[in-house]
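The following block contains the structure, expressed as structure tokens.
Naming follows writing order (A, B, C and D), and every chain is counted from residue 1.
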Amino acid sequence: MRVDLNCDLGESYGVWTLGHDDEIMPSLSSASVACGFHAGDAGVIRRTLKLAKAHRVSVGAHPSFPDLAGFGRRPMALEPEAIEDLVLYQVSALAGMAAAEGLRLAHVKPHGALYNVAARDRTVADAIARAVALFDAGLVLFGPPDSCLIAAGVAAGLPVAREVFADRAYEPDGRLRSRSLPGALIVDLTSIGDRVIQMVEEHTVTAVDGTCLPVHVDTICVHGDTPGVPALARCIRTTLEKRGILIAPPSPPQL
Amino acid sequence: MRVDLNCDLGESYGVWTLGHDDEIMPSLSSASVACGFHAGDAGVIRRTLKLAKAHRVSVGAHPSFPDLAGFGRRPMALEPEAIEDLVLYQVSALAGMAAAEGLRLAHVKPHGALYNVAARDRTVADAIARAVALFDAGLVLFGPPDSCLIAAGVAAGLPVAREVFADRAYEPDGRLRSRSLPGALIVDLTSIGDRVIQMVEEHTVTAVDGTCLPVHVDTICVHGDTPGVPALARCIRTTLEKRGILIAPPSPPQL
Amino acid sequence: MRVDLNCDLGESYGVWTLGHDDEIMPSLSSASVACGFHAGDAGVIRRTLKLAKAHRVSVGAHPSFPDLAGFGRRPMALEPEAIEDLVLYQVSALAGMAAAEGLRLAHVKPHGALYNVAARDRTVADAIARAVALFDAGLVLFGPPDSCLIAAGVAAGLPVAREVFADRAYEPDGRLRSRSLPGALIVDLTSIGDRVIQMVEEHTVTAVDGTCLPVHVDTICVHGDTPGVPALARCIRTTLEKRGILIAPPSPPQL
Amino acid sequence: MRVDLNCDLGESYGVWTLGHDDEIMPSLSSASVACGFHAGDAGVIRRTLKLAKAHRVSVGAHPSFPDLAGFGRRPMALEPEAIEDLVLYQVSALAGMAAAEGLRLAHVKPHGALYNVAARDRTVADAIARAVALFDAGLVLFGPPDSCLIAAGVAAGLPVAREVFADRAYEPDGRLRSRSLPGALIVDLTSIGDRVIQMVEEHTVTAVDGTCLPVHVDTICVHGDTPGVPALARCIRTTLEKRGILIAPPSPPQL
């Protein structure tokens, strides 16, 4: 049994630092690296790639809408062609910089609003999948289970990885519980460990009302800007390893 | 006998168009494509690459200081590491987008102020050469003859191409005549044709005072924003071909 | 009888030029000047203000979503507070630069996607109106007749100006005919002149199916990037003046 | 006896935070607020202005070269006209946003590389002074004693404030000791207090070799990104107040 453990990294910019990349990296099997459009100037990208290399962590591109001021979290109504071009540009930049460090890009995970929009809008998801497939049809596309993003990846012939969030609660209908509601975020490390094991071993997750939902997990995400995330990442890694579960990048093809 | 004929293309941005790419492309053997930092958003880059492909023109990256408002023409005092990272990012983006069109990047030519600074500042030139060599040591680095840029390229083990400008006058000491002085720009097509033949066949150029200067030319540049440049490019191509000179991308290694 | 004739100007950026400001300006009574977020760097803004001053044309701010690459034409899902802050920043910048030329800002007209979104989304419209009222409650807010933008302006105590487009066809329900449909753009100058007179004198417009719709017009817009717009603006001005209609900036309060 | 105590604030951007504005503000008499070109988006500017207002701290604009990625610390070779326009734009934006909070802009202090270049380059200093005088000839221009910036301000008819740094050592020739040399930064709070009192009361400063240099101080700067700066600012304020020195914004005219 195996699962990937990923985090969004390289989200500093110029003098501004964000996240705890040095502390989180050792716990991960995959790092999604910002490409300069929501965060991550060229110097930050390079340092992040070197850090991933030092810890033998697999790297992926984390492309975004072009919105530094909004950190890529604000949906933008771009034409599909514009999205395809933007994703291709960002994946290319990341892949080339990775190659210069002797690393091969392994996956692509859209960031923030682009991820959320692509999860439910097939046109946007298809544009992203086209860009990835055009660049390298061996790249694994990350997306939420049962999302348009995963469907678009499969249709484009890409390997895909279904991603869940270790510390987020689910509604009975399978959606993530809104952050504006109580109980949306799970903070107890033991509970998080139990949930992760249940998702990986039993392919289920327990919703807020106790309902048991089916879920297929290829990669578990911890958010780089969650407080205490280094401890959270270490806890998940240790918990999974104790159960004999291998923490490793998704091995395509997944589906 | 052979020489390359290149032009800076893809310098539109969003709704703003610049240059006459469609008309110039058929005359060229190489196109230097803006990478998004002084001009050229992802959509413009892609259209430019498709156009180059359609005309079987070799493509290169045209990286710049990060300065859209100044079109990369204003020197910026960046640390060498920052320059190395910026060039690596831009070359990577261009190369990946070219690969997606089935094209292999052939050369790198710094743009505007970055080109001018690197021509005379060896530290900046070395930073650029390091980035190019790190990405692909087979890429040809373009620069003025006898410049720091060419020296840095050679030292980094890169093939290089010595570039001259078809329509610019030279001072007796070998420098380009300043645009603020009379006679800096040569506009008569016959004169330009004669000069180009002299440079390619005799390896000399006649300065403004009549002095005959030695010059070694691997590539001839026409500026995309010069008025009448499509006619100029066609004239140079025709003139050279009539003399039996092959117009083709620089074949590394040059030196 | 009087009406304002306005155009979006100052939409060049750095080396890139757009529009025909020099030719259009003499025909206008108001100019809406780009503020740097979709177009218009500080140098362009200043030249545009000087040009307006030379022709005694009233100036307004033309704030936008922050999207140079998309020319402010792509809706962005910004929080109302972010919109209020962005509009306040842009109006402030324009007003201060106008004051430095001895001009007093007279109006605010949101640009592109911000205009379209605010026309139908009261929350966005209120955010814009708050910013304008906070800066100067004497500024006239431009918007489509019967839009959320006009309603928000009135609610915020601002003078408003209801804007129509001289060369666009209307559907029977009062909306602008989509540019993707035939007949959306009216190109015949005589027809445009007739329509403008009808709108100003009779307060009606004839829809594509012949229906006569009521419309109240305070300002007529010609688009700076429409081909032939200098002639169009001159034609409208001449046509109106021949009927004895005064072309002048909206005189607040309008409603 | 009186002196101003100022700090650069509002240097966060989007999700990225920098500095300790909340803790420093209560100790200051003046705040120099980033204008969006090196830091400080519109939301950050507004929060900073509200904070200054709450603590009755005088506000000024802190304009910069347009360089978010480099935090305005990298000199750019801009034409004087471009600098004048950029400063005018940024001062206008800040002044308008301040007015919306009921505040009147009191000073202008160029940021980072623009400050350093203007200190020794009279052409750049004159461009800045022209922009400030054009906007409001009552604004106080901050600059180092005996600098081109102060000279340009005086020549332009502006009130000026000569600025020193509380925690930096001086060479015998009056220049700031380079940060790359030992002893450049003074960290002992008692020493800093003594130096500040000496500068304000005796108009002298002791250089690293013991030489006593004359210095005229109108405003003392603490850097917002120095570690421990809130304690430093409080210490300076307390030390000065104990000596009966009034901490207040510079009262123009200074010279």
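Keep in mind that, in the parts below, a residue touches a chain if its C-beta (ideal position, glycine included) is under 8 Å from a C-beta of that chain, and two chains touch if they have at least 3 such contacts.
Note that the coordinates shown come from a computational prediction; the quantities given were computed from them, not determined experimentally.
At the interface between chain A and chain C, two copies of one sequence, more than half of the residue numbers in use are shared by both copies. Counting C-beta pairs in contact across A-B and across B-C shows that the higher total falls to A-B. Each chain gets one centre point, the mean of its Cα atoms, and the points for chain B and chain C are 42 Å apart.
Taking each chain's centre as the mean of its C-alpha atoms, chain A lies 40 Å from chain B. Each of the following residues of chain B touches two or more other chains: 41, 69-70, 82. Looking at the complex, you find that chain D touches chain A at residues 12-18, 41, 68-71, 225.
Only residues 66-67, 69-70, 74-78, 82, 113 of chain B touch chain D when the two sit together in their complex. Touching chain A in their complex are the following residues of chain B: 36, 41-43, 45-46, 81-82, 85-86, 88-97, 99-100, 131, 134-135.
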